[in-house]
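Next come two complexes built around chain A: one with chain B, the other with chain C.
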Partner chain A sequence: MFNAMGYQLRVIWACAKKDFKAALTDRLFTVLSLFVPVNLLILMSLFVLAGGNAPTAVVMEDQGPYAQAFYQAMSQAHSFRLQITSAVEAERLITAGQIVAVVTIPSDFDAQVKQNQPVQVGVQINNLNTDFTNDIRRAIPLSITSFYAKAFPNLVNVSVQENDLYAHDTDYIPYLGVSILVIALMMGGLLQSGTAAAKEWENQTMKELLLSPASRWAIMTGKMLGAFLMSLGSTIIVLLVLILIVGVRPENWGEVLGFSVLSLVIFNTVGTLLGTVIKTRQPVIALSTGISLPLFFLSGAFAPISFTTPLLQVIARIFPVYYQIVVFQHAFHGFALNTYSLGGNTLILVGYAMALLLLVTVALQRATVSH
Partner chain B sequence: MIIRDFLRASWLILRKDLQIWLRQPANIAATIVPALVILFIQALGAQAVGRSPVALVVEDTGTQGALIAQAIRNADVFRLHEVDAVQAQAQLKNLDVVAIVTIPANFTAGLQAHQPVQVNVTVNNLNLDLTNDIRRAVPDAVTQYYLAQGNASPIKVTMNESDLRLRDIQLFQYAVLPTIVLLLLISGLITGGLATAREWETSTVKELLLSPAPGSAVIAGKVLAGFVTSFLLGVLVLAVAYLLGWIYPQGIYWLTTLLIIALIALMGSSLGVAIGAAFRQIQPVIGVSMFVALYLFFLSGGISVLAFEPTWLQSIAAFIPLTYGNHALQMAVFYNSADLLGRDVLVLALFSLVALFLGSMAISRQSKY
Partner chain C sequence: MTNSKVASIEMVHLVKRFGNFTAVDDLSLTVEPGEIFGLLGPNGSGKTTTVNMISGLSAPTSGQVRVMGHDLRTQTRQVRQILGSVPQETALYEELSAWTNLDFHADLFGIPSREKKARIESMLDLVGLTDRKDSPVGTFSGGMKRRLALARALLHNPQLVYLDEPTLGVDVQSRRAIWDYILALRQQGMTVLITTNYLEEAQELCNRIAIIDHGRLVALDTPEDLKQQFGGSVVEIETVESFGMLAELRALPGIKDVKLEDRFLKVTTESGTNVVPQVINLASQCCEIRDINIREPNLDEVFLHLTGTALRD
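And then the complex of A and B:
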């Protein structure tokens, strides 16, 4: 029995070592697959900078104290990156697409406010898409109310009292960075294992493997171990960038490491399954990269999926990526993003891993090589 | 005679590459399915964008409480759950809502007594984007409450909005164009790149280079094969988006839309052939193509709006040809405008020519060995 077990372990190790070495011989692809995930993290992080404050020009035609107070209210509205410009410069900037709004405080602002007379603040918006422009449409009234609450506390009696569930706000990039980490792990894991599996079929070396006395599960485990070791490289790079450069410090290091390993096992298994079923590298690579963006949008990367539409919630729960985002957000920020406990989410992920392993085993058992 | 030979050689290579492409349905599916799925997901989630689920608890039974509750309903920025305090707490705990807005029991009485009153907001501040939406939306509703009082309102400052563009575009509609652009780019890069690299992997390049067909005809045939497949896929997604009513080019702007799609397909395909000739092996070609596609897509503002980005990112985007493709498509599809069309066409055409030149250089370099 020990001999048999030793033999299987030797097969696993030999397959893992062979795939690891084979991956290293294809240097360019290996380097690319190591760095594609981290590039995805960097590029997506760069472009969620736009989710923050809107670049806005303020034309101060009135320099009075109320006009200044209104400008202050705008600067504290959590919505704008303000710059004071002339009307001509503001027009140039908005036409060139360098800013998205021009707020003009009219020359009679102070006089009208003092006399409690109506006055209009001009707001020109580059209404490119409603998600972004509605933020501006709401931020101006917020500034008006804040302005009145400070300048005329006796006149405006209604104010907003905010209580936060968490002691501090989490910025958008640290939140989204964790979600992107999951997608990056997915891309790295799928690419490594998918190409390793498909390559055996493409080069027809699978024939030797299947005809050898080695058991199929040992071959499969070895291949996945090789891919796992390669994926570990890209995972370490992505984690280092997220922690050291983006500056997201995990609340629980153990969870980060544990869930990284569990996620890689899941993604390596999916990749091996894709490679075994499709059998050619080209569609496997295209799919590995192609499904990352849809799953990113689907799986609650931007916010808990319970805040989105019911149908999307149902679809998102089908994929393990959703649960992975939940557990990683817990590991990094301590957030609970669904009603299951951390143990419950982990069990679901372990269930996915087991089911996928079973699927790969079945796929490999049924696989044949035609002559 | 020379031209006829050139055309014949190009046509034969184009036909051969198209036949190979058609024999690989898995590749076609892997190229087009992700783009369609992105559109599908964005359409499904469109209703929730910018409209967070919020529990509204109205504890006040007076007129002012009713008025501010109405202002919150009219604000149309929340998906409201009107519940009692206990249910609201349960919903917040279960993440069914992002915030609880409570109109306190003393709201009307406090206002009638000219006392300060507070609308209480408990917010799940797990990310700043959602939190700031709530921070903006509740005061917005308070402002609307005052505005509804007309001349009696103590708030005399109002907003006079003027929009730069004719119509507002929903986020999911806005995302259609970058999705098509990404599809065109990936398809062009992969099809052109693989068609070229395959010749080296299977050593058939030897026959091509030793044949009397000019190198430029080989390049042209391969670029055209990538162009035709990418263009067709792009038009297919465009037609789907049009039939679903997400985009609405009209009249002549159909032509400019198709022209830009053609130019992006040509650019992707030319770049793909250049990459294929440079790397000569399928696996690295796919890796490099994906790398290039990701960079070009994201740096041209693929999942964002460039005008909202910091200046330094806008400056980088100015050097990315896809930025001009996105711009021209937006103008044609959403605003029926040809604003800066000449510039956009010129940049895309020039970049395609540069890529073609690079491809020719790579093939010429190989033919010397």
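And then the complex of A and C:
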């Protein structure tokens, strides 16, 4: 019994070692698969940064205290990237397409406010992109309200009493970065295991494996272990970028490690299944990247899925990626994004892992090199 | 090591169907221990399907296969442990070195770790690849790959070795070397099963040959006896003018087959007869003879006669 188990363990390790060595010989693919998730992190961060604050010129025709207070209110609105310019320079910038809007604080601003008279703040908008245009349209009235609340506290009777669910705010990129860690696990896991499995069929080396007395589950486990070791590479790279560059630190390291292993098991199993069924690398690579991105966007990468439509919520819950984002957001930020509790989400993921392992075992059992 | 009373391979009423297509149709044959056995047949004749069933890669629809007494349905692993395979495509990991390929195979077949290094060295030495042990297999020639695949198949000391087209695509020098390795296996008491498209190879190596066509066994014998069954002698005569006494020639007792193409006459006689002088006599009466060649039939002719197609068609 011990010898039989020892033999199977030796087969597992031999398959893992062989796949690891083989993967390292394909340097271009290895480098690409390691850095694709980091690329995605950079891409998404640029996307978020680009769409964050609208570049806006402010023409201060009045330098009075109320005009200054209004400018302060705008700068605290989290919607503008402000620069004070002359009217001529502002016109040049908006014509050149370098800014979204020009806000002109008129020369009689202070006088009119003091006399409780109407005053018009001029807003010129470059409306080529409604996303930015609408940001400006929402933010200017908010700045006016904010200005009045501070300048005339007795005049504005309605105020906000904010109660935060969590002890600290979380910026968009730290939130998104954690979701990108999940896609790093997904792409790394799918690509490494999928190509490793498909390659055996494509190069017809599967015969060497199937003609050996080793059990198919040992071969499969070994191959997944090899892919797991390779996938860990991209996971570690994204983790380092997240921690050292983005500045996101996990609240619970144990959860990060545990869920990383569990997620890689799931993705390596899916990849092995794809490789075993499809048997050629090109479609496996196309499918792995093709399904990763939609699942990433669908599964609450940018915000909890409860913020989306009911139909999308139902679809998202079908896939493990949603639960993985939930548990990783908990591991990094302590968020509870659904009502299943951490244990419940973990159990669902373990269920996915076991069902997929069963599926891949059946697929390999049925697979044959003969016609 | 080998129990000489047990057949190396025993196929009994073996059938394999894929839907409505019958790839192997009631095939029964026995491969004896220590022989080199050739399995021949045109493309699509059922050779590969048969071999896949022998190695346990494919389950028969009905019938039974026993390898060294082990029933393949219930003892697949035992069979794989005693079977060494050299697939046509070699199934080597081209990005890995020769040593790593053998090392991986040793682990897959559970060769004891303390013996592994010595066995790999010995096999590399046997096939003359010791100096290339650290080179990636992708840099090897076709012949070197075949030799390495053979070394790998022998690494776990199998009792039965299966070689699928062992010299396909290799140069003449490598072919001779591979033949020598295969003949040496027989001397060591191993049973060797070969599928080949080279009848010359089958003639040179095999103790017995089975020819299958459309999944059925059409002939099974030694190469010599197969040729004898086909005919006694083949007389090839080239004449100056066209031969005009075909009817008389065919009427001679002991004539099996006559073919005439332009000025080239090919006559096959039945075995056990001595009609060759009469054939030459008749030809010389009819026309002036430019060239005469008398030989025994070759396997190509046997194969063509039995299957109606050349082996490479």
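Simple rule for what comes next: the second predicted complex is superposed on the first by the 356 of 371 C-alpha atoms of A that agree within 3 Å, B and C clash if a C-alpha of one lies under 4 Å from a C-alpha of the other, contacts with A are read in each partner's own complex, and residues count from 1 in each chain.
Everything that follows uses one rule, which is that contacts are C-beta pairs under 8 Å (C-beta built on N, C-alpha and C of every residue); 3 or more make two chains touch, one makes a residue touch a chain.
Every value quoted in this text rests on a predicted model; they were computed, and no experiment measured them.
Chemist: When the two structures are superposed on chain A, do chain B and chain C clash or fit side by side?
Modeler: Once both complexes are aligned on chain A, chain B and chain C fit side by side.
Chemist: Quick one: the Cα-centre angle at chain A between chain B and chain C, nearest 10 degrees, please.
Modeler: About 90 degrees between chain B and chain C, seen from chain A.
Chemist: Looking at the overlay, does A:132 come into contact with chain B only (first), chain C only (second), both, or neither?
Modeler: First partner only.
Chemist: With both complexes overlaid on chain A, does A:164 touch chain B (first), chain C (second), both or neither?
Modeler: first
Chemist: Decide which partner touches more residues of chain A, taking chain B and chain C as the two options.
Modeler: B
Chemist: Answer with first, second, both or neither: which of chain B and chain C does A:25 touch in the superposed model?
Modeler: Second partner only.
Chemist: Based on the superposed arrangement, let me know which partner A:290 touches: chain B (first), chain C (second), both, or neither?
Modeler: A:290: touches chain B, not chain C.
Chemist: In the overlaid three-chain picture, which partner chain does A:209 touch, first (chain B) or second (chain C), both, or neither?
Modeler: second
Chemist: In the superposed arrangement, which partner chain does A:317 touch: chain B (first), chain C (second), both, or neither?
Modeler: It touches nothing on chain B or chain C.
Chemist: Name the contact category of A:7: first (chain B only), second (chain C only), both, or neither.
Modeler: A:7 contacts chain C only, not chain B.
Chemist: Once chain A of both complexes is superposed, is A:92 in touch with chain B (first), chain C (second), both, or neither?
Modeler: After superposing on A, A:92 lies clear of both chain B and chain C.
Chemist: How far apart, in whole Å, are the nearest Cα atoms of chain B and chain C in the superposition?
Modeler: 12
Chemist: For chain A, which residues belong to both interfaces, chain B and chain C?
Modeler: On chain A, the overlap between the chain B and chain C contacts is residues 26.
Chemist: Could you list, by residue number, the parts of chain A that touch chain C in their complex?
Modeler: Interface residues on the chain A side: 7, 10-11, 13-14, 17-18, 21-22, 25-26, 203-214, 368-371.
Chemist: Hey, which residues of chain C end up touching chain A in the complex?
Modeler: Answer in residue numbers: 18, 48-49, 52, 55-58, 77-78, 80-81, 83, 85, 87, 89, 91-96, 100, 104-105, 107-110, 136, 152.
Chemist: Which residues of chain A touch chain B in their complex?
Modeler: Where chain A meets chain B, its residues are 26, 28-29, 32-33, 36, 39-40, 43-44, 46-52, 54-55, 70, 77-79, 94, 97-100, 109, 112-113, 116-135, 137-142, 144-148, 152-166, 169-172, 175-176, 195, 278, 280-283, 285-287, 289-291, 293-294, 297-298, 302-304, 306-309, 311-312, 315, 333, 335-339.
Chemist: For the complex, which residues does chain B have touching chain A?
Modeler: Checking each residue of chain B against chain A gives 24, 26-27, 29-31, 33-34, 37-38, 41-42, 44-45, 47-50, 52-53, 68, 77, 92, 94-96, 98, 110-111, 114-133, 135-140, 142-146, 154-165, 167-171, 173-174, 182, 186, 190, 194, 279, 282-284, 286-288, 290-291, 294-295, 298-299, 301-311, 313-314, 330.
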